[in-house]
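Take a look at the following structure, please.
Chain IDs A, B, C, D, E and F follow the sequence of writing; residue 1 opens each chain.
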Amino acid sequence: MPLVTIKLIEGIFSDQQKQQMIERVTDAMLSIEGENLRPVTWVLIDDSVRSGDWGIGGHGLTVEDFQAVAAGKTTAPAIG
Amino acid sequence: MPLVTIKLIEGIFSDQQKQQMIERVTDAMLSIEGENLRPVTWVLIDDSVRSGDWGIGGHGLTVEDFQAVAAGKTTAPAIG
Amino acid sequence: MPLVTIKLIEGIFSDQQKQQMIERVTDAMLSIEGENLRPVTWVLIDDSVRSGDWGIGGHGLTVEDFQAVAAGKTTAPAIG
Amino acid sequence: MPLVTIKLIEGIFSDQQKQQMIERVTDAMLSIEGENLRPVTWVLIDDSVRSGDWGIGGHGLTVEDFQAVAAGKTTAPAIG
Amino acid sequence: MPLVTIKLIEGIFSDQQKQQMIERVTDAMLSIEGENLRPVTWVLIDDSVRSGDWGIGGHGLTVEDFQAVAAGKTTAPAIG
Amino acid sequence: MPLVTIKLIEGIFSDQQKQQMIERVTDAMLSIEGENLRPVTWVLIDDSVRSGDWGIGGHGLTVEDFQAVAAGKTTAPAIG
């Protein structure tokens, strides 16, 4: 404990970026729970959702849709 | 995307600690994926696993077991 | 197959609404996969996420936050 | 919220069918929770379970097994 | 690895039965993967699904429904 | 009910081993819950986590890392 699962669309992040996610999310968790829990802090990446299969508001978003949001080319969804 | 789920034992972390987890894990993710994806970066906390129901190596660990590891009172599990 | 899981914040929907979710989501799935798969179509509701523990963009949303969005009192998040 | 995850066996449904699942399941949810929650209604499809790896009653079912049930060629499982 | 999650309806199994599940499922996994992986074999129990929220074929089953099946009082669902 | 999910790294276990997991874990569950629940006992295998994406203590483990632990070549992680 804890168990952190990071769900991603397939093919959007590189292996290096996924390693950074594991490192930085682990460090974020340890900064709260304490360093002694490191050996039982698991962070799993699951990037098996296919492009087009990530539905927001009834619309299946693709890798390209998310890249457009990331690049600031699309009006990003916003929480009010 | 992404969707991050943090699974915890019930009753081990305070509301304030859980808010810190949401903030820091979100920031860790945004440092890699870029700030524009903030509105679609979800971090859910699921602390519904009961004390005793977190099995490691066939032994169900309790809140007290994890607190002992966190306090350094028990030899922590370690990855070689 | 299929297995559908509906994750909700605790205490926001009534028992009747949750039964409607099971019925209508099952029907939506069967309209695509065919009626013969009904007996192996599972729809589970998991409403164990605590109020405040549903993080969007680094902010933990409460039952009241979602009710304000549902009532149109808050600018809803929108996908561009 | 809500977060709906649809778990499927790999290769059994077409891209078009998966888009229909996202649309119809989203609409089913919105008919209960209200249209204002559309932007925060996520429906993810995860069709990464391999053929043979969906165990029911101790027997791993394949794409062909489910297609036989869908076609009415096999006695379907039934809830009493 | 592996990570095994056992999802149950709330209140149907005793603490003792849940400990047996952790022990026996761990042993079943180790009989295949080998004893050396014991320390990284996690078996988590999640019994947070409420009675009535386990939908099969569009019908939300309760603790009593499952107890009737277990007791042989109801025609059990069967895979053909 | 129950629903058991077994999460594995991709490519580490053979099809035969995965069938054994389904059979033996189902039997372990039925030994506790009773044979009558067999038709509604589901055991799903999800081996979609890529090699390198299973993070323990901030380090992403590969198929080779787990094989080394299984073979006893690496000091295994241990719970105290």
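The rule we apply is simple: a contact is a pair of C-beta atoms (placed from the backbone, for glycine too) under 8 Å apart; a residue touches a chain by one contact, two chains touch by 3 or more.
Predicted, not measured: the structure shown is a model, and the values here were computed from it.
Comparing contact pairs by residue number, the interface of A-B is reproduced by E-F among A-F, A-E or E-F, since over half of the pairs coincide. Ranking B-E and E-F by contacting C-beta pairs places E-F first. Put simply, the C-alpha centre of chain B and that of chain D have 29 angstrom between them. In whole angstrom, the spacing between the mean C-alpha positions of chain C and chain D is 15. Note on chain placement: the centre of chain B and the centre of chain C lie 23 Å apart, centres being C-alpha means.
Taking each chain's centre as the mean of its C-alpha atoms, chain B lies 21 Å from chain F. Each of residues 3, 7, 27, 38-39, 42, 44, 48-49, 54, 56-57, 59, 61, 69, 76-79 in chain D touches at least two other chains.
Of all residues in chain B, those touching chain E in their complex are 7, 48-50, 52-60, 77, 79. Residues 15, 18-19, 22-23, 25-27, 30, 38-48 of chain C are the ones touching chain E in the complex.
Chain C contributes residues 3, 42, 44 to its touches with chain F in the complex. In the complex of the two chains, the chain C residues touching chain D come out as 1-9, 12-13, 17, 20-21, 24-25, 27-29, 31-34, 36-40, 49, 54, 56, 61, 66, 69-72, 76-79.
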